[in-house]
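Here chain A shows up in two complexes: once beside chain B, once beside chain C.
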Partner chain A sequence: MEKRVTFKGIWLPLLLVLPQILITAVFFFYPAGQAIWQSLFIPDPFGLSMQWVGLGNFEYLLSDRYYRASFVTTAIFSILVTLVSMGVALYLAVLADRLIKGSGAYRTLLIWPYAVAPAVAGVLWLFMFNTRVGVVSWYLGQLGYDWNHVLNEGEAMGLVVVASAWGRISYNFLFFLAGLQAIPRSVIEAAAIDGARFWTRFRTIVWPLLSPTTFFLLVVNIIYAFFETFGVIHTITSGGPQQATTILVYKVYSDGFVGQDLGSSAAQSVILLVVVSILTIIQFKYIERRVHY
Partner chain B sequence: MATLTLENVKKSFGKTDVIHGVSVDVQDGEFIVIVGPSGCGKSTLLRMVAGLEAVSSGDIQIGGRRVNDVEPMDRDIAMVFQNYALYPHMSVFDNMAYGLKIAKVPKPEIEERVRQAAKLLQLEPYLTRKPRELSGGQRQRVAMGRAIVRKPAVFLFDEPLSNLDAKLRVQMRLEIKALQRALGVTALYVTHDQVEAMTMADRMIVMNGGVADQIGAPLDVYANPATEFVAGFIGSPPTNFIDGAAVGQSGGHRVGVRPEHMQLVGAGAGRLDGRAAYCEALGAETLVHVKSATGTQITVRQDAGHPIPEEGSEVGMDWDRENEMPFNAEGKRL
Partner chain C sequence: MKHTISILAAAAVLGSAQAATAATEIEFWHAFTGRLGELVAEQVETFNASQSDYTVVATHKGNYSETLNAGIAAFRAGEQPDILMVFEVGTATMMAAKGAIKPVYEVMGDGFDQSKYIGSVKGYYTSPDGNMLSLPFNSSTPVLWVNRDKLAEAGIDPDTDMSTWEQVGGVLDALKEAGVSCPMTTAWQSWIHLENFSAYHDVPFATQSNGFDGTDTELALNGAAQVAHISAMGQWAQDGKFIYAGRRNEGGANFRAGECALFTESSAGYAGIKAEAEFDFEVRPLPYWKAVADEPQNTIIGGASLWVMEGQSDEEYAGVAAFMDFLSSPEIQAKWHQDTGYLPITTEAGELTREQGFYDANPGTDIAVIQMTAKEPTANSKGLRLGSFDQIRGIIDEELEAVWAGDKDAQTALDSAVERGNALLRRFEQAAR
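Presenting the complex of A and B:
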């Protein structure tokens, strides 16, 4: 039975949740409200006057070829980042889980990248792949491959995906490892006695039992790819070449703060808000049902 | 169905020796119980037979075939775990069918074998349920069913009843034994409960600190314990140990006497005197706990008809010499 704590009055519980409510209000409700309000106007570049346009900003955006392209870019980017970071993390976690000696050391080493801020990670990868002085691009050149993510859209996308996924692998690894270790050893042993070899066990026992973790990481990683990869993209490609890596969040920034089109930028953040809400609802409503507990 | 042979099986984890060489020949269809206190290596021994632990030295043979380096799945065994180890995301049916599906048994046959096992274990109404929707006893049965459907040569049980309440444990104990008889399969059963060992075993292996102190039929072990440890571990209430010199046993360092072999007599009339500390009247019998003059705690079991001594009163204890079990300084039976 769940034990519920009940309060006599309303004031103490209110006081206890007040800090969280204040933070949410200041950093979410207020700016979100501002964004919705501003999305209905076009301000002049100096911010001196605003002109009411109703849903004009949205109409314009949805008919904008570049904006629609940014949707596709975001989808590709998010899927790739999620798949790469979760796939590699799961692989490493399975290996670490099988390890008996020295697993602590591997775990610590694998967690380190998580401590690196996205922007710093971006710069790191940028240096390695720099077309003139980058170590990796030099080796690629030796192999006869001319690496140039500044001009090549596919290479640019690949680089930001890898840089974004890299820092994320640690986080996913931790959760996958914890998930794997939560599966009772005897269940795995029972499956081994039942005749299941490693891959069969993984497919029929481990993967289903891991699905709550996988589902959680899926949600968290997609949201990460949507929002928190800004630093990586800003430092590595600034959304280029030719907007090939301009994901929705980056476009909000570049249209608003670089292009000074604040009305459109506000409208974009409202759309982003709606997209993420829908995504979360879909995920929880439909995917969670197929999760085994 | 098969024989099982352990030949001087040893196990060490790093430099720590856990099992110091166990040898036993298990006949086809025999029910062997490995019993001992926690940490005596009984589960490790079982896990080595299962192939879940590597054998450090010695040989394990199942049906005459050396299986030291054979994978668990190829040993023709089935195991029931203490926590049942059911697959939580599968229905009861799928839990039982899992091994057969992997072995690529044709579907109708899987259906048939699972139904049969379910019927035998009275699990038919629950085949579509998930393990979490079952009671402890039912989960236990599913674990048994999973073992049965594969028709293994050897059944391995790792303390399968220790998670059940006392009443259910007694019931399942009988069921497991009956099932094993009916199927005629060789079984190796690990428990720390000496009552389970006594009631279920054809022969039992009493383990102590990684050594098999005694291997034998329950009543033989009870009547003729080979070591002081076995005498103290098998039987409830446990054997009383008395300093040999105190009772005129010249050869024995210590002497063991079972509580039921002792009688209370008047103070000074028996071979040992003491003070009745407290009495447990259990209805059919009474356990009288006596503190002897030398400070040894002694339990006397008497039938309900006998008068119960006043707590704190002086009593004497007597027993027949032929019921004495003398042990040397190393704890070995003389």
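Presenting the complex of A and C:
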């Protein structure tokens, strides 16, 4: 039985949701509409003139094989970032959940990286892996491995994935830990009494009960990997070597703010908007079915 | 007692406010921090103290790209500064923005003597009919930095001739043989090894006089000379004789740490190298290929210039002219040149520096000036004027990385750079129409 509050008339509920609608309209619909409008023009950077090109910007982009390759790069990057940041966070959360003493201190320490801005995190990782003066690359050199992410595409991708995922682990850790602690002890204890070992308990009880958290984090992390990682990429690789780490959002930034090509940049934003909408719809339609609330 | 103080304070505030309104404010947005930022502030203070009609207010707006973006955004909002610093690759963007900028020669008025500015410095910023559109502010040019100790350790005479790439090739062989881990590295690969390379060998980087004659220009950097050079560099990279450190000046850290023997970098690297290098270093002219040219043409500049924005009052433009006149004066220019390692923008400033004995006390600091001014610039060596050039450099960086990694040969990579760069040029042409 669901409890539902009902309003008489339409005006009061409308008034109550008005602030939310206004905020969405001003900060989402208006800029999104502007982006769609701008994507139909090639404007000059100073806004002195605009050339109507219709779908010309989209044609230009989609016929560029480097832009198409950037979709694949983005997919690989997002999947890796999401897997690494969620996997490590879940592992740490499970360990922290089992702690009895000093869990507060561990938790606090594990949350710290979240406070580091992506660009700063990028610089920190860059220093450690600097091909000539980096600490990590020096140790790798001692082991006989020649680290060179400025020319090796795989290494560059690995580095930006780790740097992007690192700060995110804390965030995911917090949610996983809260999710784990919300699972009733009695259920787990009952299973333990029935003779279920840790792994069985995790697979059959913890994981299904944790699925709402996992699903939420999956959506949030993919959006993070799509949109908020460009600071890291900008500081570490600037999209290189060649185009190995040029993800879609980085290209939006570099075409718009480095190249002053606002038409192409706007068209790319629209494409990105469509891609993320489709992804989110897929996630809610297919993956959410398997979530137990 | 308390009252007297507050009255005095109020009077002081009023007094200073009056002084501020009496002088016309000139807004100047720049991209300099650290030591360079301090030197700019010093110039501005000296100017403000020298007269009472104008007050220049200098504001730092981030790095080059950010400063340009801030200027563009401000113009769109009608809040543009009087003077905006724009890096050299943004030149075509500014030139195309006809309603947004006021050419410097117009601001300076009738008595403006453009001939006192060094041709190869101002050339980058002049219109096809030779009028200065912006005022060069900080300009540098690439040179060859040599770690003399490293050469000596490897059993090579530190005074060995390295004027040509053929000779450098021989030195690199010897360095590699002696077990040097980094025989040569570079900064700004596109600027030095393609843009300057083309000017220095008097071959076109792009058609239409490198874009000076129109926006319908196409890249020509896949010519035989450039392909031969990049091919040789690629071979050196494969052999471990040329170590690639990154797209910007990452290689500088390796050179300053004494790891690399040779380093192609801007002449403005002087201050940093002098401060950090614990070895005997030397500046040499940029090498050229004897097989391509009997003697080198001039190199071109990098750096930034000052653009005057449209839409200000006549008094403000008079103030801008006074400030630019001040910046161009021999004393101020000579001091700037000596403090920063940037090139002087006027011939007089260079001569003054020589008279003051600076070049004798700091050998090699005049190499860049000589290299820039030895010959009258040709259509291929006046500079580059290409739209979306910051992005085109990004493309060139990508393609060169493919050569250094051994994924592509020089011809394929440069052909691809031309094809991709031309697509951007066509878009720029359309936007600027």
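Quick note on the criterion: the second predicted complex is superposed on the first by the 262 of 293 C-alpha atoms of A that agree within 3 Å, B and C clash if a C-alpha of one lies under 4 Å from a C-alpha of the other, contacts with A are read in each partner's own complex, and residues count from 1 in each chain.
To be clear about the criterion, contacts are C-beta pairs under 8 Å (C-beta built on N, C-alpha and C of every residue); 3 or more make two chains touch, one makes a residue touch a chain.
Small disclaimer: the values here were computed from a predicted structure and weren't measured.
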item	value
Clash or fit, chain B versus chain C on superposed chain A	fit
Chain A: partner with more touched residues, chain B or chain C	C
Chain B versus chain C as contact partner of A:G122, first or second or both or neither	neither
Partner chain(s) touched by A:G231 [first = chain B, second = chain C, both, neither]	neither
Partner chain(s) touched by A:V133 [first = chain B, second = chain C, both, neither]	second
Touching partner for A:Q242 - first (chain B), second (chain C), both, neither	second
Which of chain B and chain C A:G179 touches, first, second, both or neither	neither
Vertex chain A, arms to chain B and chain C (CA centres, degrees, nearest 10)	150
First (chain B), second (chain C), both or neither touched by A:G167	neither
Contacts of A:I193 with chain B and chain C, given as first, second, both or neither	first
Overlay on chain A, chain C to chain B nearest C-alpha distance, Å	52
Where chain A meets both chain C and chain B, residue numbers	none
Chain C residues touching chain A - in the complex, by the definition given at the top	65, 68-69, 72, 75-76, 93, 96-100, 244-247, 250, 253-254, 257, 259, 388, 390-391, 394, 397-399, 401-402, 404-405, 407, 420, 423-424, 427-428, 430-433
Residues of chain A defined as touching chain C within the complex	42-49, 51, 53, 60, 64, 66, 131-133, 150-152, 238-243, 254-255, 257-261, 263-264
Complex contacts: residues of chain A adjacent to chain B	184, 186-187, 189-197, 200, 204-205, 208-209, 292-293
Contact footprint of chain A on chain B as seen in their complex	50-52, 71-73, 77-79, 81-83, 85-89, 98-99, 102-103, 146, 150
